[in-house]
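Order as written gives the chain letters A, B and C; numbering starts at 1 within each chain.
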Amino acid sequence: MDRSSHPRSRRIAPVVAVAAAAALTLAGCSSSSGGKKSEEGGANASAGKATTPRMTVALVTHQSPGDTFWDIVRKGAEAAAAKDNIKLIYSSDPNAGNQSNLVQNAIDQKVDGIAITLAKPDALKAVVGKAKSANIPVVGLNSGVSDWKKLGLMEFFGQDESVAGEAFGKKLNDLGAKHTVCVIQEQGNVGLTQRCDGVKKTFSGKTDVLYVNGTDMPSVKSTITAKLKQDSSIDYVTALGAPYALTAVQSVSDAGSKAKIATFDLNKDLTTAISKGTIQFAVDQQPYLQGYLAIDSLWLYKNNGNYMGGGEQPVLTGPAFVDKSNVDAVSKFAANGTR
Amino acid sequence: MTDNTSKTHGAILQDAAPGTDDGVIVELRNAGKAYGNIRALHGVSLKVRPGQVTCVLGDNGAGKSTLIKIISGLHQHTEGEFLVDGAPVRFTTPRDALDRGIATVYQDLATVPLMPVWRNFFLGSEMTKGPWPVRRLDIEKMKQTADHELREMGIVLDNLEQPIGTLSGGQRQCVAIARAVYFGARVLILDEPTAALGVKQSGVVLKYIAAARERGLGVIFITHNPHHAYMVGDHFSVLRLGTMELSAERSQITLEELTNHMAGGAELAALKHELSQVSGVDVEELPEKEDLTAPVAASPEGTS
Amino acid sequence: MTQHAEPAVTSPPAPGPQETDGRTAERPLVVRLLARPEVGVFLGAVAVYVFFLISAPPVRDASSMANILYQSSTLGIVTIPVALLMIGGEFDLSAGVGVITSALTAAMISYQLTMNVWVGVIAALVVSLAIGFFNGWMVVKTGLPSFLVTLGTFLILQGVNLAVTKLVTGNVATDDISNMDGFDQARKVFASSFDIGGVQVKITVFWWLLFAAIATWVLLRTRYGNWTFAVGGNKDSARAVGVPVAFTKISLFMLVGFGAWFVGMHQLFTFNTVQSGEGVGIELIYISGAVIGGCLLTGGYGSAIGPVFGAFMFGMVQQGIVYAGWNPDWFKAFLGVMLLGAVLINLWVQRTMTRR
């Protein structure tokens, strides 16, 4: 039987690959450009440390795993926790029911404060009530600007998505856009829908909505391409997240369209794109600030009885516009993954 | 390897039994098998000669399938000896058994139902041509060979491309038998080939068993039907509860005796006693214990 | 009674004409054609194409077709090995996140060690094949359903993708590697475009069709293909006749690893960076692409061409709805209807084929 020769050659393949990789490494096959070595050592934004008694704070968000944006929120929260001598417990689940369980979990751990996002306020109503009856202060951040007071949260840090959308629409008017497509990467997400609605409200041109599958980048790319081809009058792509804006750049060139691109939220590569001019502007809601302030406010409340926003008004962290004129100031922080 | 197979094919009759005087190909001597502390088979002796049909009979759980698994290389025996051509062996895979010319045709899993007849015929021993990496199946040759071999066995199919699942149960068994014969089988183990078949289909399969014997193969015919066994058998072994209850040549035993052994005379008598205490069961017609242990004309189960 | 006589049956039966009667009577051509695994989906794909050709004018443009094919190819390159695996009787739920694992591996190894990107590319191939080997080995050795085993791998990879990326880069996305040595070369292989009559066609489309052609040849014309059908159709029979079941299954899982690696590299060299949280949910699209393409969920039946049409149908519907300018809210509903239709056709095919 010659069975063996065929299988053996397949089994050898990985071994050969390992050997090849090792050989390449030994041969000094290092990249002369880019890479880790070219990176400058960036200093972390860390202030002095408070001497107040150790306290525990839970931050419970509706983050789905691996989202750049939430990573920045978390970094802000961690910076505040380090400064304030706080033990930070971070947990997240995009499913509202699960998120509510995570809050209950924090209550059971008898934490000194809870910071939550209100992506689906109704699902969290009961558990917020429980926290209050357990005398645990609760603050909100990021999502739920219109619901935090109803639920009895102390303070709120975030961006009013509708307001941000409206500001975005006005900016488009100023830039002379006529027709935009608002790309939603997660169908059914309230915050993303509010952004598009806000844009539609103030933008004097035509606004289309396009749903894309955010977990499959090639699909995002070709769907935006398809939309641009279907309607060649589109002259501005409104992306709702930095990675999608960067993908839209490729779609625009694939479709041979002249559309420009603007986006909500920032990251490192996006600041580069703005300074290069491939992306026009970004609306930043300063996620780092949201995480930082939410944790810091619980520390202030515990140690000095302070309310940010006076307990009446939300503390708005956005919309802050980043475009070519101010991108240089922002980019070095974005490179650290904190802006 | 293609040539290899054909050589083996042509050499079946010649190299039937090199090391032994009476031509025994497969022999078990007091063989047994224990799964942990459960003894599935114990003290079984069996000889398979070319051109003879050795029938192994037994009720469910008698150890028939364990016996097949040992001979076909799926399991290893844990006691006694297992000899092929007079030399002790211990197979670790079915491939080992196949390489020694022992082929097994299983009751349900003889074939892959959705695959065409010719692919099933050559499955696991496909004919190929061309050098690697462009070595490919020699489809024309395989189809021709399959058709020829099936005709030799008296099976005529006008479309070898049809999935084997569309054939009748008997036809499928026959394809499996023809296949084993072609691939140089000297010993053919048939696991209950007639169990799931109707009367007519069973007859067809029995004819092919006889045909295989005519071609000089040693056949181990596993069944629980003494009537089928007696139609084609040369030697009969009856298994009960993992041990050998009877081992007899055809000339030493009648169909009635075989049937009684199969039915388990003593056990039936005890059952009759129990049934007599249940109202509504007519036990008058059932045979007495004496009838069951002696060779008599009455058949306790009737004909099946 | 002649009880001591020679056995009753002695002569081989003569071949008679009644042997074939009624069993192998020619079925109508249409039925025989429809019994081919890829014909149902081919007709479906043509129907969808014609439908959008009429209702969405931009589809008539050649460059739109290039875009649809591009989307289809990024799904299809993994759908083909997933289909082969399904013919071999197993599932792989980890293929979607496996794509991202591969891309992350390549990006991080190249960037963190400041190596030529090809080092990362090869390391990623090793990792992808190793994941496939692990899946296959677990399935073969434990006998657990591959659904469970690969669900486990799926969750593990999802966590590892995120945790390792965070650990290594401090972010949840990899760093931009576009200015590193070997990038342009690798991009040519995995993510370039060709100009065909003025239309830019992505190289993945060619790879996709090439892989489909190779897979079809292997499946229908080699022993390995024969074994693939056999281990999926009846594992025990296959083992009993000497087919190396463990080798066949493990290598099929590794082929899925290869497909995931290829698409992972495409993503990396197209987008320069990779988000660690992507890829979740795509595994189901691969599997449904294979099912729509005529592969039986139970294994043992299917083709490598069918999944090409399956992936094309996905790409066509997804982009077609956009080209037609309809409310994309309906996309998932369309997909669901397609999937159900495909499964019904397959069910009917299986019944027709095995009808006695």
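Note that in this section contacts are C-beta pairs under 8 Å (C-beta built on N, C-alpha and C of every residue); 3 or more make two chains touch, one makes a residue touch a chain.
Given the structure is predicted, the values throughout are model-derived calculations rather than measurements.
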{"item": "Number of hops, subunit B to subunit C, where each hop joins two touching chains", "value": "1"}
{"item": "Identifier of the chain whose CA centre is least distant from the whole-structure CA centre", "value": "C"}
{"item": "Identity of the chain that, by mean CA position, is farthest from subunit A", "value": "B"}
{"item": "Intercentroid distance (Cα basis), subunit C paired with subunit B, Å", "value": "41"}
{"item": "For subunit A paired with subunit C, centre-to-centre distance based on mean C-alpha positions, whole Å", "value": "33"}
{"item": "Between subunit B and subunit A, distance of the C-alpha-averaged centres to the nearest whole Å", "value": "69"}
{"item": "Sites on subunit C at which at least two other chains make contact", "value": "223"}
{"item": "Contacts with two or more other chains, residues of subunit B listed in rising order", "value": "125, 128, 135"}
{"item": "Multi-chain contact residues (two or more partners), subunit A", "value": "6"}
{"item": "Parts of subunit C lying in touch with subunit A, wherever the complex brings them together", "value": "56, 58, 61, 63-64, 67-68, 70-71, 74-75, 96, 110-119, 122-123, 125-126, 129-130, 133, 158-159, 161-162, 165-166, 170-173, 175-182, 200, 223-224, 244, 247, 251, 254, 263, 266-267, 270-273, 275-282, 285, 315, 318-319, 322-325, 328-329, 331"}
{"item": "Touching residues on subunit C, where the partner in the complex is subunit B", "value": "1, 3-4, 7-17, 19-20, 23-24, 217, 221-223, 225-227, 229-230, 233-234, 236-243, 296, 300-301, 350, 353-356"}
{"item": "Contact footprint of subunit C on subunit B as seen in their complex", "value": "53, 72, 74, 94-95, 98, 104, 106, 109-115, 119, 122-126, 128, 135-137, 139, 151, 153-159, 162-163, 165-168, 171, 204, 206-211, 214, 230-234, 250-251, 254-256"}
{"item": "List of subunit A residues in touch with subunit C within their complex", "value": "3, 6-7, 10, 13-14, 17-18, 20-21, 24-25, 29-39, 64-68, 70-71, 187, 209-211, 213-219, 221-223, 225-227, 229-231, 243, 246-247, 250, 254-256, 267-269, 272, 337"}
